[in-house]
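Right, I'll just put the structure down here and ask away after.
Going by the order they are written in, the chains are A, B and C; count residues from 1 in each one.
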Amino acid sequence: MMYEYLVQAISLVAEPCTLLTILVASIYGLFVGAIPGLTATMAAALLVPFTFFMEPLPAMAAIVAMEAMAIFAGDIPATLVRMPGTPSSAAYTDDCYALTKQGKAGQVLGVGVTCSAIGGLLGALSLMVAAPLLAECAMSFTSFEYFWLAVLGLSSAVVVSSGSMVKGAIALMLGLLISTVGIDITLGYPRFTFGNVELTGGINFIPAMIGLFGVSEVLRNVLHSEELQVATSEAPRHIFSGIATVVRRYKMGILRSSIIGVVIGILPGAGADIAAWIAYAVTKNASPEADKFGQGHIEPIVGATSANNAALGGAWVPALVFGIPGDSITAILIGVLMMKGLRPGPMIFEQQPVLLYAVYVTFILANILLIPLGYLAIRSSGMLLRVSKNYLLPIILLFSIVGSFAINNSLFDVGVMLVMGLLGFYLEANGVPVAPVVLGIVLGPIVEQNFMISVIKTHWSLWEFFTRPVSAVLCLGALLMWGYPLFSYFRKRKSSLSASG
Amino acid sequence: MFRNCRCIAWVLLLVLVFGVVGMVQAQKKYPSRPISLICPWAAGGGTDRVARMIAVLLEKELGQPVNVINRTGGGGAVGHSAGATAASNGYTITIGTVEIAMMHWMGLTPISYKDLRCVAQVNFDPAGVMVSSTSPWQTLEELHDAIRANPGSLKASGTAKGGIWDLARAGWMQTLGLPESAVAWVPSTGAATGLQELVAGGVDIVTASLPEGATLIDAGRVRPLAIMSDQRDPLFPDVPTLKDKGLDWALGAWRGIMVPAKTPDDIVAILEEALAKVVASDEYVEFMQNNGFGVVYRDSKAFSEFVAEQDAMFGKLMKDLGLTQ
Amino acid sequence: MRIGELVIGGVAIALAVFVFILTLGFPQLPDGHPGPGLFPQLLAIILAIMGLVLIGQNLSKRDLSPGGEEKAEGREEWVNILWVIGVILCYMFISEIAGFMITAVVISWVLMLRLGAARLKGFVASMAAVLFVYWLFSQVLLVPLPLGVMGY
């Protein structure tokens, strides 16, 4: 029966109209993903009016193709100009950019596109096979589990940050404090808004990210006037050279990261961006070359970029099975499905099996298409880099401004971008990493809200944080993440002591 | 370093010239250029979907593109403020939500419904009473008995503290003659997270509107016990209203198109006429039904009166709850 | 000892104290438990401790070398930074009046000139970039860029 559905599904997807939709949506996704400030979520929202006029399958296929492309495309500006195109690339932006400075932009992007495709395919497979099973497990997650999950993410920030732990912690605290600006969930009290209405909405994370990564990079560049006349770096070349070696060498890493990605994607409220962070930290903890991370090493890129694409497939699981979105894109997907009179839920598996299989087929097709289309995108992006910096920097700044503006159509956000740019510039000039600031802004609300919700639920009894089974496992995971570097540090120290003594 | 000064002067002159030309051009019949529709809630949410549908249909009526702009944050405060302080020329309209009648009481924004002119109401969704299907309560009476037996032990969720579904819960308790603390409120970031807590056993009741829980109701995970409305919902004809159960309490979320207060009458009239057609159109009705949203239309005058009533009601309720500033 | 790190440590402590004082004015939950203020207070305490540690680490280092990269930048280069800040502020204040197209061309061209680009080439480059951005955001992605008084 499954085979029958699959054949029917393939013939549905193979219709010229559907194929064309997939192609157009892919190109659209590549564009949007490559432009800082335009997230895949926003791209999906912009697709909605078009899906009004589409059949259900092309509408879903458009979203699938678009998101797969967009999440990879976010790596392109991250690598070339140190501006993550989507938040999902933020975790490993510094690694990519460091490699670009060594003239390896081509290889980075080649690895990026290949691993994204592999991660995406693994995500699609797990969506096909394990959807109902995995979703059932995720349904039992409550605020306790989300709290620990976010703590796990925060711990990864400190593990991820290169150099001084103290500086990483300061950066994280700054990010978390920034995230507390705005309306509080427990009483609806406006915090640190100083009477400003824009601030009641909090500090928007997209302009903050563009400022911290992109604008600070522009500022640092204009400080060195002697370099302004030269091009930023060589255009990406040798995109797929040595790719087989990298994939073979890190095949376990890719598998592990993809599994992490799928699991995080399935959890409602945590998507590709958090998957990338956690995969990065896990890769770092498991790697024998952890000291190279953050300074231009391919391994973390391999891990994190497979994870964020794998998360996409995962996020569809709870969306299809229970109508609970796994991330913000699937939230939009549910809206689109409802508009078509398809109510996601267990019933859809019985009523529309062919449609579901067609979605799986699209997922696989989109991830295969990612390789040639991604290649073309990388090649054309190279043009940008043959321009010398005194032309390029103002154009990057222009994109930063428009990108910050576009997410919420607010000039206030352009101001946020400027302030964050200056902050990032100063912090980096003194060796404080900016990545933890970004993570703090993302995870701050999740940590705080779930903590407050939990304690209000249990009348301030903290026991349930440790006694609920899944909670306990996640708590243990967080402890391990902290414990492992410390443990290996002491072991190294002990062995070096005994060697010298 | 001053070698470029002359260039810059030229550019500034150019700006000036274009400015004057543009001013002259602006005097045309409304609408002569694209309209922005501010949505105070995030892309993909319920209000956003309604806004995008209206934008598509309004574009057909008015012959000009209507672009949805998401101005999110502050529980709707940012978007409503942006809508109220925009130029009163009809080119920036806002999809106002029930929060406009609530936020100013909490001191979140000085903006109230008085800063906006109501053009037309397009939707109304009553609050519901939903419990987990694993709970022992089959009817509303059984739930009431459980609440009376152990006041304060049951927990409800669905929005942040002071949000629309929290107020629905509080009013429901008041109407039962119980203190509002008889059912404790657990804040959540929205109906979806509240429902997730309900299914996972974190809370006992969710007071969001039934369509928000429709997928879980269909999946047999959530049991709807009542809606807080005067009439039954045609999508859930078996679910009784509070009125059926002898309780005089109705509350719900509504959405409508608003413009800045000083917008001239002729522009409001053009928009009102177009929206009346939009809301009556088959596409709109079908879309709303598929999404589980209730279609309720009120024209400019009736909508203004309705909003004023709602505002006074929320003010009193929130004062009782100690939420006002 | 690095002056920059001392400054960061000092600012961290000052910020922590400031945040803490502000949170004292936050309301509590009705049952008397801490509410909106709890999380910022915890963060402020950790931030202050980290600030102290950073200062402590620096003071305990005996070498008094300036540290960090050698500051080879002259005054002109720092003025570049001010120009970048200037054009962003400029965009924030005039784009609503002059419209996106003109503002964007002006700021990117002015900045290119400041960074030493050729006059005509710079104009053409900024024109091309702005048209591309306009087409992409405004036409393809339907982001309403500021129109200004004349509508583009």
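Everything below uses one rule, namely that a contact is a pair of C-beta atoms (placed from the backbone, for glycine too) under 8 Å apart; a residue touches a chain by one contact, two chains touch by 3 or more.
Computed from a predicted structure; not experimentally measured.
Chemist: Sort the other chains by how far their Cα centres are from that of chain B and give me the top one.
Modeler: Most remote chain from chain B, centroid-wise, comes out as C.
Chemist: Hey, which pair has more contacts between C-betas, A-B or B-C?
Modeler: When B-C is set beside A-B, the one with more contacts is A-B.
Chemist: From the mean C-alpha coordinate of chain A to that of chain C, what's the distance rounded to whole Å?
Modeler: Here the centre of chain C sits 23 Å away from the centre of chain A.
Chemist: What whole-Å value do you get for the distance between chain A and chain B if each is reduced to the mean of its CA atoms?
Modeler: Chain A and chain B have C-alpha centres separated by 30 Å.
Chemist: Report the inter-centroid distance (CA atoms only) between chain B and chain C in whole Å.
Modeler: That gives a centre separation of 34 Å.
Chemist: Indicate the residues of chain B shared as contacts by at least two other chains.
Modeler: 69
Chemist: Out of chain A, which residues touch more than one other chain, so two or more?
Modeler: 186-187, 409, 452, 456
Chemist: Multi-chain contacts only, two chains or more: what residues does chain C have there?
Modeler: 109, 142, 144, in rising order.
Chemist: For chain C, which residues count as touching chain A in their complex?
Modeler: Chain C reaches chain A through residues 2, 4-5, 7-8, 12, 15, 19, 22-23, 26-27, 29, 33, 35-36, 38-40, 43-44, 46-47, 50-51, 53-54, 57, 68, 73, 76-78, 80-81, 83-85, 87-89, 91-92, 95-96, 104, 107-109, 111-112, 115-117, 121-122, 125-126, 129-130, 133, 136-137, 140-146.
Chemist: What residues of chain C sit close enough to touch chain B in their complex?
Modeler: 30, 97-99, 102, 105-106, 109-110, 113-114, 119, 142, 144, 147-152
Chemist: Quick check on the complex: what are the chain B residues that touch chain A?
Modeler: The touching residues are 42-46, 48-49, 52-53, 55-56, 69-75, 77-78, 81-82, 106-109, 111, 155, 160-163, 184, 186-189, 192-193, 195-197, 199-203, 214-216, 218-219, 221, 287, 290-292, 323.
Chemist: Taking the complex as given, what residues does chain B use to touch chain C?
Modeler: So the residues of chain B in touch with chain C come to 4, 7-8, 11, 14-15, 18-19, 21-23, 25-26, 33-34, 36, 67, 69, 181, 322.
Chemist: Can you list the residues on chain A that touch chain B in the complex?
Modeler: The contact residues of chain A facing chain B are 41-42, 44-45, 48-49, 52, 139-143, 182-183, 185-188, 190, 197-198, 200-202, 204, 268-269, 322-325, 328-329, 331-332, 334-335, 338-341, 343-347, 408-410, 449, 452-453, 456-457.
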